[in-house]
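Listed below are the structures to be examined.
Each of the next two complexes has chain A plus one other chain: chain B in the first, chain C in the second.
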Partner chain A sequence: MNAAVRWLAGLPAYLWSGWGAVASLLLCLALWEWLAGFYGELILPDPRAALSTLAGLLAGGGAWSELGITARRALAGFVLALAAGSALGLAAGLSMTAAMMSRPVVTVLIGTPPIAWLVLALLWFGAGDGTPVFTVFVAAFPVIFVGAMQGARTVDGQLAELAAAYRLPARMRLTDVYLPHVLSYLFPAWITALGISWKVVVMAELLATSDGVGAALAVTRSHLDTAATLAWILAVVGTLLAVEYLLLEPLKRAVERWRSTT
Partner chain B sequence: MNTVPAPRRLLARGVGHAYALRTVLEGIDFELPAGRVMALVGPSGCGKTTLLHLVAGLLAVREGRIESNFSTPASVFQQPRLLPWKNALDNIALGLKAAGVARAEREARAAELGVRVGLAADDLQKFPHQLSGGMQSRVALARALVLGPDLLLLDEPFSALDVGLKAELYALLAEHLAGREMAVLMITHDLMEAVRLSDDILVMAASPGRVVARFALDRPAARRDDDFVYRRTAELLRDATVRESFGLPPQVCAQTPEDAACETALQAVHTVRPGAAPARGGLRC
Partner chain C sequence: MLSAARWRVGLEALLLCGFRPFFLVAAAWGALALAVWLAALSGAPLLSWVPGGLLLWHAHEMVLGFGVAALLGFLLTAVPEFTGSAAVPRGWTAALSALWLVARIGGLFGGAPGAWLVALAETTLLAGALAVAAPRLWGDPERRHLAFLWGLAALLGCVLGYHAAVLGGGAPLPWLYAAVGVLMALIVVALSRISMRVVNAALEERGDGAQEYLARPPRRNLAIFCIALHTAVELAGATLGAPAAPVAGWIALAAAAALFNLGNDWHLGRVLFARWVLPLYLVYVLMALGYLLLGAASLGFALPLSAGRHVLMVGGMGLSIYVVLNIAGRIHAGVQPESGPWVPWAVALLVTATVLRAAAGFAPGWAPVLWVASGGLWIGVFTVHFARAWPLLSRPRADGQSGCAGVAEDAPAAR
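The block that comes next holds the complex of A and B.
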């Protein structure tokens, strides 16, 4: 409740601070426009063509349902990775042995390209939701796992001593000493993992499904419709930017007020 | 509850401690009754902090015994050790929350003590990283005092502060001690700090950590002025055992008439030393 009020109260100042970000995005658009002047319509249509195609797709209504399907798959994989990665990562962080044993496994998971998992997932799950959800899960899981493990491993011994000296009961040690610390590691990991999920799901859909943004991209590619391809890319990137900067970043600021250096 | 009014005290008999094969403490004896302030003075690495950890129950006593019938001990550590995600008020109230005091009451008590140690009302709402080092130390001190402890354990809590802040916090502590039957065990490497605040001074030497001299200061802390503190500190620093424990070279006094006082002063501070033969081999006054 308090956090929600703080989030709303902080929003105007936060949005105002976003002018710098807007300026840098507009610079990118300018660069795009400039390059489009060299290459022509088929290779690189200018931003206006892409934006008007996107507006057409959104007005037609089809884009929303494709985005919805993609979001559902990304979120399903992400939530599974969040639950499993946080729980297992914390457990691994509490035991030195488990941490040491899980390290190489995590390195393997991070090092394996998502496309390899995708091929395996296609064999295991076929065409359907299972393939993109699994691929997202496998790509996001190790990132969250490592964050949780680091959080549990780096709990400050001095604060643990403080908790003992002031006779904090077990529940208070968890909620007042360990969790806030662990969250400061987990939250950034969650945000990174969400970004990964959103990227990986589009790739998985491109190869594995007949609906969703990825599938739509496959169709535009086969039609050599570069403007529509760019329109879909804009839709995906725009959604990610909106979620990250309107929801997650302010939330992070509210949760981690104690960290801010004002 | 213990209904027999046994006198409260902290007792250490033959306490020793070793980390692996390295002995850090050996044969520590002392008794600290309620209402007295005892300082453990010694060079860095003489096992002072280990001893305090043993007393606070943060380490298990393996050699000798430590008995305490104080009911509410509280510790102030070398660093403030505030929880970075709690504001000053909630940090002060930490021990009260652990003891199950209701929110309204613990916040009122924490705020009251916060103001007493010199924190402004808006400082109480700040997070530790927004407070200066001195303010953080005040919060740490308030966090201990708000519990109304009958035994206060201080681990060089003011060592990182400048002279002015130190003096302020000494005054705060002295004011808090006056009229309370609170026992204080403080460790410090600063002799002047010990002379200013404590009733008994135990001088420790390193490898292994042991008590090499004991001094008692008879004037009550409230009546010690700067002059008294400087004079007694200087006297202590002339003591051969103290010099040796801190690794200072033996002192050679100039042959001036004023230094005739040197010898008499030393005899005065030696009165409470256990054992008949004071080790003053290196002193050539």
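The block that comes next holds the complex of A and C.
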């Protein structure tokens, strides 16, 4: 309850601090507008054209359902990767042997391009939700796994010994010794993985499905409709920015505050 | 004989410190030049012979007459103080004031001689100000105040471009718009110095020692960068013929966001509503709104660009100048800033004048009425200020100190 009140009280100041980010994004739009002046409508329409196309798509209602479908797939893959990656990563971090064994596997997973997984997924799952969800899972899993493993491996051994020597209750040991440290590794990994999920899902949809933002992008590409393509890209990037700055960044700050007070 | 001696005493008092003549003429000319403009708008046959037309005269006098007078008054006083260098000699103050006056008189003459007179006087004025400020700003071991130097140099560039256009038959207005941009950047630079003292003094007065106000350089630099970029792009678009309007529009929106971003330094609780803090904060808010309107107009909203420009000028420049006239214009004469009800009223009236002038852009049918209402408030505020400042600044200091020295430590608090 207290945390919620504090979060609400800090919200206006947090939102106001976003003006600096807004300023640099607007400068990017100015750069885009400038470049658009050199190329035609076909190559690079100006930001106003893209924004008004996006407004039209959103007002028509069609964009929301496509975004919803894409978000569902991205989140499904992300949640699976989060659960499996965190659990297995922590487990691997607890044992030196397991860490040693898993390292090359993770390297292989990270090194394999998502597009290769996508082709395999198409063969295995066909056209449908399975392909994008699997591709997202495979792309996000190793990032979370590595974060969790490093978090578990680097827990301060002396601190853990101290906690054991003073016979700290298990719950206190978990929340005051292990969790803050592990979370400080896990959280950035989750955020990175979420960004990856959102990017990979659009790519997977472009090739594998008939609905979602990626499929819409495939349609605008075949129509040579650059303005609509940019509008969809704006929608994807805008959603990512909103999730990042309205949800994850405040959460991260809350976690960091909690870390610094313990 | 007696009257000659009194004249001499009065003149000596006026030239005691750079802000004295310049702050007085800024207030007087701010009111007078606008009254002439409003009278001409209402159909009075005034100044129909001025070169370039009356609109150009109005813009020129408000930016390079009123604005520059206040700026020079501030710099001649603040630069020696900030850099710990020697005070500006009385002869320099007298010469610069005379040049400013010649430029105003020249502006009232028609034809090429008048235009040349203004051009020479104004160029020499700003070059002279640079000659006074540059060695002091450069000689400061830490060189922390060079931004004023770049600002003055940019302003001199705008003045040169303006007069080259007037004398060569080009388009002079874009150079005045650029000068407005330079003044906006200089306001951010100057307010960051002034606000550090004002806000921290207000915090101390409230017994709020735990908080400290800091005008953080990255935020300030982002705002200055956006303003400078907007100025440059707009000027390039107008003078080089580049298709700049939408590009400048986005940059204007970025400048608005960057100015709102400055508010993050100021949100320290109720101290924001303290007597001298709120007006300074409002300067940034009005500047941000001005750039917001400018950006919207450049990006195709049905709105004249002049609405945004006037929010910058009336709100950003007018209000900041009024506040500086009331703080620096008293402290360096040896008295505390006023504590009576007039100043808050004047601030409210200036904000109202800004809103009314902006409203004229939204309701063209009502524009003539709104112009007169807005201008009337402006004239009233600066006339009253002049009447109140004249007795203080035209007489020798009563506190026994000399030059630009601030209020003595043991001085009694203001009424």
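In this section, the second predicted complex is superposed on the first by the 253 of 262 C-alpha atoms of A that agree within 3 Å, B and C clash if a C-alpha of one lies under 4 Å from a C-alpha of the other, contacts with A are read in each partner's own complex, and residues count from 1 in each chain.
To be clear about the criterion, a residue touches a chain if its C-beta (ideal position, glycine included) is under 8 Å from a C-beta of that chain, and two chains touch if they have at least 3 such contacts.
Bear in mind the structure is a predicted one, so any value in this text is a computation, not a measurement.
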item: Partners on chain A (chain B, chain C) - clash or fit; value: fit
item: Contacts of A:177 with chain B and chain C, given as first, second, both or neither; value: first
item: Angle, in degrees and to the nearest 10, that opens at chain A between the C-alpha centres of chain B and chain C; value: 90
item: Chain B versus chain C as contact partner of A:38, first or second or both or neither; value: neither
item: Touching partner for A:161 - first (chain B), second (chain C), both, neither; value: first
item: Chain B versus chain C as contact partner of A:169, first or second or both or neither; value: first
item: Contacts of A:19 with chain B and chain C, given as first, second, both or neither; value: second
item: Shortest CA-CA distance in Å separating chain B from chain C in the superposed model; value: 12
item: Shared chain A surface residues [contacts with chain B and with chain C]; value: none
item: In the complex, chain C residues that touch chain A; value: 219, 222, 226, 229, 233, 243, 246-251, 253-255, 257-258, 260-261, 263-264, 267, 299-300
item: Complex contacts: residues of chain A adjacent to chain B; value: 158-159, 161-162, 164-169, 172, 176-177, 180-181, 184, 257-259, 261-262
item: Residue ranges of chain A touching chain C (in the complex, touch as defined); value: 13, 16-17, 19-20, 22-24, 26-27, 29-30, 33-34, 37, 46-48
item: Sites on chain B touched by chain A in the complex; value: 56-58, 74-75, 77, 79, 81, 83-87, 94-95, 97-99, 127-130, 143
